[in-house]
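Chain lettering (A, B, C and D) follows the sequence in which the chains are written, and residue indices restart at 1 in each chain.
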Amino acid sequence: MIPVLDSFNLPILTLVTLTPAIGALLLSLVDRNNKALFRQGSLMISFLTLLFSLLMVGNFDNSVGTMQLEESHSWIESLGINYHLGVDGISILLVLLTCFTMPFVFMSSWKAIDDRVKEFHIALLLLQTGMVGAFVSLDLILFYLFYEAMLIPMYLIIGIWGGRERVYAALKFFIYTMVGSLMMFLAILYLHQHAGTFDLPLLLERLRTTHLLDTDQQFWLFSAFTLSFAIKVPLFPFHTWLPDAHVEAPTAGSVVLAGVLLKMGTYGLLRFSIPLFHDAAFNLQPVMCWLAVIGIIFGACMALVQNDIKKLIAYSSVSHLGFVVLACFVPNVETITGAILQMVNHGLSTGMLFLMIGIIYERRHTRELADYGGLAKVIPLYTIFFMIAVLSSIGLPGLNGFIGEFLILYGVFKVFPLWGVLASTGVVLGALYMLNMVKKFLFGPLVHDENRNVADLSPREILYLLPFVIMMIWIGLYPAPFINMVKPTLSLYVEMLKS
Amino acid sequence: MFSLPTLLYLSAFLFSVGIYGVLARRNILVVLMSLELMLNAVNIALVSFGRVHALTAFSGEHGGQIFTLMVLAVAAAEASIGLSLLLVIWRRWRSIDLRQLCQLNG
Amino acid sequence: MDINLLWIPLLPFLGFLINGMLGSRLGTRSVNAIACGLPILSFGLSYAAWSRLLSEGTELHWNGFPWIWIEGLVEIPFALHFDAIAAVMCMVITGVGSLIHLYSIGYMKGDPGYHRYFAYLNLFTAFMLILVLGDNLLLMFIGWEGVGLCSYLLIGFWYEEDANCAAGKKAFIMNRVGDFAFLLGIFLCLAHFGSLDMSTLTDSEMIKTLSAETLTVPLLGSVSVISMIVLLLFIGATGKSAQIPLYVWLPDAMAGPTPVSALIHAATMVTSGVYLCCRLMPLFEAAPAILTVIAGIGACTALLAALIALGQNDIKKVLAYSTVSQLGYMFFAIGVGAFSAAFFHVVTHAFFKALLFLGSGSVIHAMHHEQDMRKMGGLRKQLPFTHLTFLIGTLAIAGVPPLAGFFSKDEILFAGYQQGFLEGVDSAALFWGVSFVTAGMTAFYMIRCVALTFWGESRVDSSLEGKVREPGGWIGFALFMLAIASILGGFLNVPEFLGGHATLGHFTGLHHASNLPEEVVHAAEWKSMFLSLAVAGCGLLLAFYCYGKGHALRKAFTNSGPGKVLGRLSVRKFYVDEFYAAVFVRPLETISHLLFILFDRILIDGILVTGTALMTRSVGNWFRKMQTGFIPGYLLTFGCGVLLLIYMMLSLIQQGGAQ
Amino acid sequence: MELTISRAEILAILPAGILFITGLVQLFADLGRSAENKRSEKTHLAMIGVTGFLLAFAALFVQGTGASTGPLYAGAMTDDLFGRMGAGVVIMTGLFSTLMSGSYLASRGSNSAEFTALISFGAGAMALLCQATNLVSIFIAIETLSLAVYVMAGYFQNQRSASEGAFKYFVLGAFSSGFLLLGMAFIYGATGGSLSLADIAASDGQQDSLFSVGTLLVLIGFAFKVGAVPFHTWVPDVYQGAPTVAVGWMAVAVKASSLFCLCRFLLFTGGSHHLAQLLAAISVVTMLLGNLAALNQQSLKRMMAYSGIAHTGYLLIPLVIALSGEGASAGASIPFYMFAYAATTLAAFGVLAAISVGSDRDQIHDLDGLSRSRPLLALGFSVALISLAGIPLTAGFIGKLLILSNAVQHGYLLLALVGIIASLISVYFYLRPVVSMWFREPKSSFELVPASWGITFTVAVCGIATIALGLFPGWLIDLSKRSVEAILG
């Protein structure tokens, strides 16, 4: 706790959540031709949000495992829907990640986006509100609200500023997600009918004590929730929307998608599917874990044969998030700590990779590996940053990627050696496809003359890449602060699942 | 000398005739007439019901008959609208065949 | 004075940072100063620490900070420890390392990536030191993977060549395969020991209790925890230290600059597998079965590599395979329980192999990057000093007394002999035989290498006539120092029967006094020594005869049937690369392609997703078709609707009545 | 006995009365100059209309939010919160439709007072319908409003499509009112000559199968008005033919008033489980058919027509629940949903009117690049579509939430599931206009006549209302709940 801060008690979470939206409203009043204002304005707003999120961390008590900074106001009484916010160890890092990523996303699209600047920035700001809101809301309907509210801006971002196949990709993204979330909606209503509340903490408590669910109910509800989240993650058989969405989305879109949006799925699993329906989760553990493991290996294999850099990284996400899902379904403190760290790490490394691919795309307007090669000579600085991102994503010890993977794999291995071993092969394959990509992309002879005079990183680009690198090294070498933030919550969480 | 069932049968018969006319005939004029027939068939039923119930203890007033009068008024208005539409159609199509009106579909 | 251990790895790391960031702006001189100065400094530090260890016997320790630390579950600190083994390794790494840095100044002169090269080299040194000093397995793993990364970067240093990147990638992947097993080993340790600290892992009590516990592993059946751990760690070591089956990357790694080969792929990194074993000696000794496997792998690797080395014409390739073979020796030693011998060989090998590589480097440098020995010959005149040092190295590796190689190799062979014949372990005897033969072959192919390069008539390309001259300066200096080391290195650990005290062995605490009676052992030692001398001698003489003077015998052999076959196999490296490509690499890619097309594209995207969409839309169209536009049709629908509903209503009422 | 009309009775017919008078005033105001200058916007008509509707609305407030005044005019009608809510929807819709009509009609060169007058008359009839508690008054109200709407549907006499649509509407309408009347007759007969809903509820003829068939037939009559399958066939054709403004008006007002009346009727007569089952079947088919048939439409009006059918399907769910005895309160979702639907639909049709000002554009691809040429219209339309698709932060979502949660509450999981699946299907076609508006570039040939202030105002207000109701629906939901309780007395 920072003593200065608890003296005046602001509704910090509301601030973090709504600042971007309010900013968006203000910006919507500005004349659309004033492009610079939108860029600087939204940048400032996102930095303000980051500031608030730091305030949140300041007021977050590491020694407590329960919900903190709670805010609860009745919103629609007649339906029993409350405006109930709160953070705990599971969500705080993700909120932080979101608020950390956004400013740099804005900086990255400074030059890239020159058409409909107004709409773009407003959409992104609304998206941020959606994401943060989903992470902090403790009322099922409220969560669903934010969860869905993210769809529209993302849909527009892909569809308006995307690539050639953008319409198809955007629609696919939208419908895919809708399929899941509508089922979840039904399940939420059913839960309300069963336990008489939308309030998550209350619900958890009632489902364990007074309003027990029988096996079938658990099964169906669990499936409904998990389907929605599995699509979002995306878990193995539901992943085909991701490559398209990533390839077609503009840089900012891909970064947000990979950096934060995908975590919504794994977060949902951790927050809702598993604790609410732990019997079903337990019964379906084999299925889910096998899917996760298959996803890890399958995603890696797919990444191995891609010629489009973005597609490759998209598939690598499938593989990386497989680890997280695996961790969620083998819940012990190690795995879940690992899972949360892995979410953050994946956000950082993949986010940075997409940023950097965006940079090169701005210069060369192609994502085909075949069009590159030998760039290391032309843009050494770029190469260095790219290598760091790659190494972090293949989990080189000493960088952030390793911490998460180690904890997850160890935690899983301890309980289910087979899955642990199979999952670990993903680490080898990861190195394989990533280094393949690097070799074709940056090294080798400089065959294409167009690449001879590609400009190296500009100061602005370095400015928004550097924070990522710093975070990677920090988490890689000294993750203790982050682990301490999540630890108390997780020990409670695991206890709860045990009981 | 007519009992309620008889009257009801009559009205039912007329109503069915009306339906048949509407369904089967292609001449708009005939269709309009059939529609009127349907309404009036119901009128018979209403009146006869009213007659019966007026005798019973439950309600003294002659609801059925009043209703019938109202229906007649409405039917007249409806008929006028129908005929005016008929004119419009005749102007556009130079025909009053029901089956010609099939441009809007799908 | 008090020494903070962190500085030992930190100094080179700083060098990396400075050169990496500002190198391009700094001048060559300052780059040199930073790049070589800092490792030398850390050499000084480790020397100081070492001398303290000698004088006061205090093992330095740096507590560091909590790294992966979940209270009470996973407690892995970032801590360094400086004990005897680490001390020796530090000395070797920083010492030989510094020399090679100096050498590189001469060797890399004028290269566009000059500062990048030194940055990498410093980074490597830093990681290597972390690997050595790390007080727990996971910290060691940082170094372990870190050096792998540096080797990857340095092999692919001249990245414009596709082959170089390929080689670097191959090295990294191969190592990853090993590390995969290593990681699993770490998991097992953490799960069963509850900690990864070296002290815990070598704690005899724990080991005793754990060797009782067993795991059931597919294919292996029930195995004791310890054996499983040891096996996994050893597989990890085979990756890093280029043993069967994961050795194929090392020869390709020669694509990197020669000093790199000397430092990483001869002196230091590749021996870290052996270092791991020595570090965890008690653990390994608790798994005799696995030790036998290790001995077997080691011996076979030694033999195979030697056989391949016979047929190579690229000077560096010969050295590379000889490295593999020497590493095989070391593992053989570990396999037969002679950890001190193995470790001793690590040290001496560091000296003479570095010397040989640097020698070859100066040849290559002089020959303007010509590496094919068939285009050399008779360089003795132009490069007398290089020739001299190279010869010293050759004799050392061949095991000619009293050079370094003689003592270490003799100790290893004796260890095998002892276990095989005195203790009567048949497998050991067999493996001893293998490595015994290998010793002869080593001498043979090394002399062949010298002969082809330096002796006989010159086959040098006419364009290079007169251009070839002795590279002096730092190159000469480094060669000189290493030559001295290779001559004297052996005296670190002179066995008792030759009047020594096995100093190194005792100092590192790896030495085992044999429980057999004194005189028996000594007799055996003399016997084994003469045998090894004999076989080395034969190898030398044969080589002299074949390559020095007349070639009659050689021709006769190469034209004979088995000769042809053997020659072919040797030149084509026994087709191992082709085998791997056919069995692992290509299938993986083909299968992935198939899955991508069949599963992702066709099944999910095509049939399930698009299929559903099309189906829905066609149903929609069907409904549209029903909207024909004919009024009678509409009326009919209406009427039927009415009838249907009334019918349903009445039937429902019927049922209601029935109940 | 001498004739007395109580204050309450005056008050009860005040809104409707005002509306009828407004209509007359408009006719008179345009008298004489109606024939020429059909091309002028005639803002005075709009003004009169607006004042009229505002007055009527004010009258609603005069009536207040009290529960109910009990039967008036010998049980012919009542004045309760439920009725007022219905009248409220109707009046709102009328207000905006009047606002939009001027410029739209003027651009078609056929702007005369009849149109606005018809809106007012229709609105009056609808207001009465929402309050009617007697078979006779119900029948008259329905017929009156239908006649008004028939004429509006065929308003463009010189357009074949208009006349055809109107005639289809008329024939089918008359056909259905035949059945409606028959049903009423049956009820009258079965309940021993009772016409007012109260008497019907009180009478003992409930068990008579004649009565059940009667209610069924009445239900069918209403089903036709709200466009439920299989009585929906007129909807697409009429929507396509009719003037866009009129379509907006019909889509909301007719559906709203009929549903309010139907709800009242069913709550009184109490229907039966059988009826509930039939209604459930109808609603399932309606939801699915509506959304599926909308998938491949090219004409926006037709698409909206089918989407309207689908929404009827959703709206039947609460009736099913109400009919099945338990949870009459389920009906509470109807008033809210109707308000939400009104705001959304008016916004949508406002945009459609705007793009078809001056010419007959109603193809989806006519919207290409609208977000560049008319960002506000595009935004409004997008909001409307999102709300129709039932995506959060819009009124449409809350509406669906109410209906579905009611369904789940009372164990109609299957209905809820179908509703979910249906709205999943609907997402696809609701997004198609969004695609053309935002993802495509404007066609060079495409020149938009600047939208009149009336239309822009409507779109803006309704769009904002849609969002606002999505964010703060509480008060309206409570109001709806109270209103339904008011019927039950």
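Note that a contact is a pair of C-beta atoms (placed from the backbone, for glycine too) under 8 Å apart; a residue touches a chain by one contact, two chains touch by 3 or more.
All values derive from a computational prediction rather than experimental measurement.
For the interfaces B-C and B-D, the C-beta contact count is higher for B-D. The distance from the centre of chain A to the centre of chain B, with each centre set as the mean of the Cα atoms, comes to 66 Å. Chain B and chain C have centres, each the mean of its CA atoms, that are 99 Å apart.
Averaging C-alpha coordinates per chain places the centre of chain B 26 Å away from that of chain D. Work out the mean CA point of chain A and of chain D, and you get 43 Å between them. Counting only residues that touch two or more partner chains, chain B has 19, 22, 98, 101-106. For chain D, the set of residues that touch two or more other chains comprises 167-168, 171, 175, 236-237, 297, 428.
In chain C, the residues that reach two or more other chains under the touch definition are 624, 627, 629, 631, 635. Per the contact rule defined earlier, chains pair up in contact as A-C, A-D, B-C, B-D, C-D. Across the complex, chain B is touched by residues 135-136, 139-140, 143, 147, 150-151, 154, 157, 160-161, 163-168, 170-171, 174-175, 177-178, 181-182, 184-185, 188-189, 192-195, 199, 203, 236-237, 240-241, 297, 302 of chain D.
Against chain D, in their complex, chain B makes its touches with residues 15, 18-19, 22, 28, 31, 35, 38-39, 42, 45-46, 49-50, 52-54, 56, 58-59, 63-64, 66-67, 70-71, 74, 77-78, 81-82, 85, 88-89, 91-93, 98, 101-106. On the side of chain A, the complex with chain C involves touching residues 172, 237, 240, 298, 301-302, 304-305, 333-334, 337, 374, 376-377, 384, 391, 396-398, 403, 406-407, 409-410, 413-414, 420-421, 424-425, 427-428, 431-432, 435-436, 439, 442-446, 477-480, 483, 487. Here chain D touches chain A in the complex through residues 371, 375, 386, 391-393, 398, 401-402, 404-405, 408-409, 413, 416-417, 420, 423-424, 427-428, 431, 435, 438-439, 473-474, 477-478, 481, going by the rule given at the top. Contact residues of chain D toward chain C in the complex are 167-168, 171-172, 175-176, 179, 209, 212-213, 216-217, 220, 224, 230-231, 233-234, 236-237, 273-275, 277-278, 281, 289, 292-297, 425, 428.
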